[in-house]
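These are the structures, in structure tokens.
Here come two complexes built around subunit A, the first alongside subunit B, the second alongside subunit C.
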Partner chain A sequence: MTATAARSHIHRDNLLTRSLSFLSSQEVILFFVLVGLIVLVGTSNPRYVAERNFINILNGNAYIAVAAIGMSMVIISRNIDISVGSLIGVLGTLSGSLAINGYPIWMSWVVPVLAGALVGAVIGFLVAYLRIPSIVVTLGLLSILKGGLITITGGAWITDLPKDYFLAQIKTPPVSLLGLNLPEIPSPIVFMIVLTILAALWMRYSMTGRAIYAVGGNAEAARLSGISEKRIIMTVFIINGLTVGIAAVLWATQLSIIQSTVPAGLELQVITSAVVGGVSILGGIGTTVGAMLAAILLSAINSALVFIDVSPYWFRAVVGVLILFTVLVDLLRRQRSRASARG
Partner chain B sequence: MTTTLELTNISKQFPGVKALDDVHFEMNAGEVHALLGENGAGKSTLIKIISGVHKPDRGTIRMSGQPVQFNNPREAQAKGIATIYQELSLYPELTVAENIFMGHAPRRKIGPLSIMDWRTAFERARELLASLNIYDLDVRRKVGSLTVGNRQRVEIAKALSINAQVLIMDEPTAALTEADVLRLFEIVRLLKQRGVGIIYISHRLQEVFELADRATVLRDGQYVGTKLVKDTSEDELISMMVGRTIDNLFPKLDTTIGNPVLEVRNLWNKPLCRDVSFQVRAGEIVGLAGLVGSGRSELAQTIFGFTPAQSGEIILNGKPIRVRTPGDAIRLGIAYVPEDRGTQGLVKQMNIRENASLAVLRSISRASFIKRAEERNLAKRAIEQLSIRAYSTEQVVNKLSGGNQQKVVVSKWLASKPKVLIMDEPTRGVDVGAKAEIHRLISELASQGLAILMISSELPEVLGMSDRILVMREGRVVAEFDRKDANQQNVVSAMIRESSAPNGTTAPEGVLQ
Partner chain C sequence: MNRKLLVALLLGVVMVLSFSLALPVAAQDRWDGADDLPVNPLDCPMAEGEAMPEATEEAPMDMPAYDGGQPTNAPDLAGQPIVLVDVPKLVGIGYFAATTLGQAQAAEELGNVTVTTDAPTEANIDDQIAVIDNYITQGVNGILFAANDPVAIAPVLTRALESGIHVVGYDANSEPGAREWFVNQAEFNGIGKAMVDSMVAEIGADGSFAIVTSTFTTPNQARWIAEMQAYQEKCYPELTWLETVEAQEDNVLSFNQATTLINKYGEELDGIFGMTSVATPAAAEAVVQAGLCAVDAANAAAGSPEAAVAVVGLATPNAMKPYVTGDNAGCVKSVVLWNPVDLGYAAVYVMRAVVDGTLKPGDATVEAGRLGTLSVVNGSEVLLGPPFIYTKDNIDGFDF
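This part shows the complex of A and B:
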């Protein structure tokens, strides 16, 4: 993770400050918190660190990390999308419906992703061109999707899915390296890692990525620098739609039954991953790698509660504390840099 | 006559600037006292001290002979000092009566509760307005639906509701129509008869002569003098306001001036860009002077495509061009260093490298990916060329000083290799050293053949740097001076005098908030 980890905002005049700034980056902190958690819970209950359990933790929540990629970009551009949970529900149902109605399997995987991008384009248009705040647009969309889904499907479950529909259950072929049997990795984890790295590289090295940071950091300065804010907002929401679409397919294809409802509180998990991952809710700062690590951390905490015999109802409280803590740290960092600017 | 308000030896220092230095001011009951001075002379600081927003570092404030101290605006209000700022500070979603009694509404008791007494509030609001001869204003209407003139009347009523002894009016006529101005004058005279002292700030000297009893002039934070209006003249007041010393300026380099690069013909962009025509030639620095709000920045942003023109022609190197967005302007070779580097110039979370390349990302990218090495070199060159004091290209701009931040903004625009460079207040809020360096840079760029349009509110800067000076007022270019003919007197005179206006004295429509 080192290569993509630190989108460092601190000067690198020498090795010491460079290492310090790297070590104090959100991504590295998250990584060590994650390792600490695993060691701590692992010593009290060794089953927690068993290979199978760990892969299950990652696998079951990878789709959240995938959705958090797009969400990170949206928040970095100083917008928000609170409709992702509903959209995942709708696109997942769409995927399953296509599969049981005799469409080719590949279509049930691809069409929801394209539909996600289309919805993203509509949100982007409303936000960029009609200047409706994104929180309002996506709040409206959330209700429409939620209500619409129940009305159309009547809450009926989708069962009897074709056998080769289950994309999320495909695993990498077993590999033996130096006599060691490496674990077979399920496809959601592969998607999560590959997409996160691609997105991180794109955000860091592409013109558009840079423009997204600029628009989120100071929209007026960006516009005066010749960046089209409208185009950037469109782009961000379309990419968000794509990752939501992929997340929806991974979510739908991991179980043998699709419940045709919207997973409760899913949008909050996605937003939480981005925020805890170091994406500033005020825009302009953050990375997709941080968001992925935070998504993993959240699912590791959720599972850990079970293993140390704490009621899983505590999970939400723990998440809440994490959100407040990271936002507080973000604000303190900003204040410190503002204070030193006066000197 | 009794002295209601007296300020002696008032000094106030802000980081890096001495805003007021040993200033005096006094006012009698029933007097209209004009406060005059150029942009940045210290008028705003003085009224903020009187109204309790700032505390003076030194000096005493007396009211009716008694020394007073204001820790906040509320304490000043309690002593009967009310202020009407340029931007009216009303709540648009509340009614006239609610605005008037904001913070001190009449209350009545219902058992243990003390609740707002609406009937009394409406009644007293109506009485207050009637006492100002205002009968056509519904106290139940929302303030947001009122005209600017009516909103100002609400502000005045609000001031009276706290029994103001001293009323400060900051540029009260700046946004008013002719009819509203006349009504305002009536109200001012009415208040005067009632013994209210009025501190009247205006750039329109005609108004001063029509309304005021005395005028106090400030210049560069210093007290210049107080005159009885009937014993003075416009010329005398103007010469008191200017006469600034031209110091710490970089000597302008001699340049050979070439062909016209930028030409603007009959450019309209209402409200603050009205039929503007001028040209800037290669190697020439054209200074654009004018009061705050005269339309200089609006003109610049129209040329730059930030607020595209409604009509008129922009010609670059002899060819008419269409500029619809800043992106168009940048591609065509026009650069704009904006007025406020914090909100318009920099992305503060980004480092020097990322800010310096922001306007030229396209030209340093291949297949839409930024070429890192080229970007780093660009930033390194910027740091060298402008002697930006920073550890490295990776330093976050938020941690730089004002002057160095400004240099980063300038470097961003030089990176775009412009043919025309528009600079809006290029040295605002930078220290003396950085200022001289920026002046040297502007001069050097011009000598390399760049056409430069420089907006500045600092007269010495305009006079010292420009080959030619254009003066704007109310959206029009009202005067033009050659370097050798320009002096403080005639430039300021063009900035503020109504009489030389080509098209009457009405305020531009639509500048109202």
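This part shows the complex of A and C:
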């Protein structure tokens, strides 16, 4: 065998392995599962794939997908934030309160995002510099926020919001492309897609982005290679605060009423999106694209269960199966890559 | 290995999905979200000109015996001025401001009643007990209450009875033995009838509707749905129930579920019932955002094949004003609840009747001023009457 042939054999082998590993990446699997689900339910009831319902599916969990961007980074850095649901409730209420108390609309959109970043900085400081485990910090924060919100608002809803307040109800202008009328896209979908792609690119190509994987994958090695773990964890929690703030504004501006309470189980939906999206709970692996696809899948499943007349109790069961399955797959993948590293 | 994994994963998901798809969509005799307790549908509305058939005046079901408590050595103050204290769950919210207003109206009409409202600013049972305790020590002739906890409040109310103070509850009951009477704002069958009648008024007796509830097992909602079904079967057999969906008590989920119903059924769907104060405004919002308000549909009648979707439900007036008289006026025509002003008003009349001796254990009715004669139900409860329907004509007069 000549050297050239050997090289091309190796080359071909690489290509095969790479395309296989691309095909088995969580993002691609999720994409096909999503397509499969849509085809399956769409054939049983064509209204499921009608434009209106399709946009509702994308729109329904868009704010969760936005929150899942920060959550993915947090989990990849081998931390967790279980206070996001409460924080969304609090920041959403803050947003609405600003709007009904006569502050300019842009402030009611921007201030919650900045406040989210501030809270993220505090969590990051406690985790990175005082070395308190993130689950403890955010568990404490969760109680503070939940209790504080009910005490302050007394559970009263915010109504009579100004007309221009509803950011999440804004749609893209109708566009005609090649004689086709493209649907008007609600702003949460735009936020979800743009932010997810920006975050994915940043995590893949920037020094800091790569460092998040390094810190979560092997903190000791990251330290030895000169990465400041503390700075990275601070950064991750601040970004998480930002995305939670954006998610909160989208959450608050989609309906004419803000409930002023912490939505039950919201943090679990955000964490579920990240985990089902292929973000490893052991840190170091995952992308925001996967998390977004998972959030859309959860929304599609929820809608599908109504369309095919299945009790919504199944939703929880299906989600549970998805979580167990992805974690299992994650563990298998790790075992395999460890084995191939050894071999 | 890679491929195996991929295949395994896909298989797993397909299995889960096909499993759920294969579940039988059994023909049901009970609507989802209804309980299976006995139902007692009220009479159907009378068609115009139809005489009230005497025969349908059913003998009242065996009236349960009086199960309330009695004060010990209460002074006889019949016809004399009395001082009452009203201890609602909390003060500072519109709902109990409305009950307080009703009490003031009753006190003014009667002329010989003084009533003051005093309660914690949070719905906290410990604070509420402390307030009641205080007034027992100070000495009043009667206590009106809306309990934060039916069991925890019982001992302090019993103490009031033992001190010769009359005790009447409203809005939220205590254990029966700890008070003399309870003014019940609405019975399940009354709500069931009002909901279905309001819906039929909008979508006709042969329309199709879906229900958005909290969960299938939430007790109050399950009772209401069961009574709605019983009343529909009795009075509007042509009315079609399509589906019940769960939405917890979550604003966003309620909106999404209602939107999914609209997308699923298209023009087949004529109306949505909201079973909670969260689900009803969210369903209205879904109809607004889908452009299917009655007003939209009238405007776009020529272009759109889809008719309007009506929303009828239990909700508080403030949450529904945007859809009844506000920005989206006309989208919702009927909001079913009770009138808290009347509730407070009735509570004072009941207290007066108890003190005067005109409402005694075993009585079947009590006079309550402008509300007329109220009937006694469940042993020691006074029923406020049929639910109150908030419409564009009256909703702006309420603030809670």
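Heads up, the rule we're going with is that the second predicted complex is superposed on the first by the 325 of 343 C-alpha atoms of A that agree within 3 Å, B and C clash if a C-alpha of one lies under 4 Å from a C-alpha of the other, contacts with A are read in each partner's own complex, and residues count from 1 in each chain.
Methods note: a contact is a pair of C-beta atoms (placed from the backbone, for glycine too) under 8 Å apart; a residue touches a chain by one contact, two chains touch by 3 or more.
Since the structure is predicted, the reported quantities are computational estimates derived from the model, not experimental observations.
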Looking at subunit A, does subunit C or subunit B touch more of its residues? C
One more residue to check, A:Leu180. First (subunit B), second (subunit C), both or neither? neither
With both complexes overlaid on chain A, does A:Ile285 touch subunit B (first), subunit C (second), both or neither? first
Report for A:Tyr205: first if it touches subunit B alone, second if subunit C alone, otherwise both or neither. first
So in the superposed three-chain picture, is A:Ala221 touching just subunit B, just subunit C, both, or none of them (first/second/both/neither)? first
So, A:Ser44: does it touch subunit B (first), subunit C (second), both, or neither? second
Which partner does A:Leu130 contact after superposing on A: first (subunit B), second (subunit C), both, neither? neither
If you stack the two complexes on chain A, which partner ends up touching A:Tyr213: first (subunit B), second (subunit C), both, or neither? first
I'd like to check the shared interface: which positions of subunit A are touched by both subunit B and subunit C across the two complexes? none
Across the complex, what residues on subunit A touch subunit B? 8-13, 205-208, 210-211, 213-214, 217-218, 220-228, 284-285, 337-338, 340-343
Using the touch definition up top, name the residues of subunit A that touch subunit C in the complex. 20-21, 23-24, 29, 32-33, 36-37, 40, 44-45, 47-48, 50, 52-53, 56, 60, 151, 154, 156-157, 159-160, 163, 169, 251, 254-259, 263-264, 299, 302-303, 305-312, 314, 318, 321-322, 325, 329, 332-333, 336
The subunit C residues in contact with subunit A across the complex are 1-3, 5-6, 9-10, 12-14, 16-17, 20-21, 23, 25, 32, 90, 92-93, 121-122, 216, 243, 245-246, 248-252, 255-257, 259-261, 263-264, 266, 278, 281-282, 285, 289-290, 318-319, 321-322, 327
State the interface residues of subunit B toward subunit A in the complex, per the touch definition above. 15, 304, 306, 325-327, 329-331, 336, 338, 343-351, 354, 358-359, 361-362, 365, 368-370, 372, 390-392, 394-396, 398-401, 412
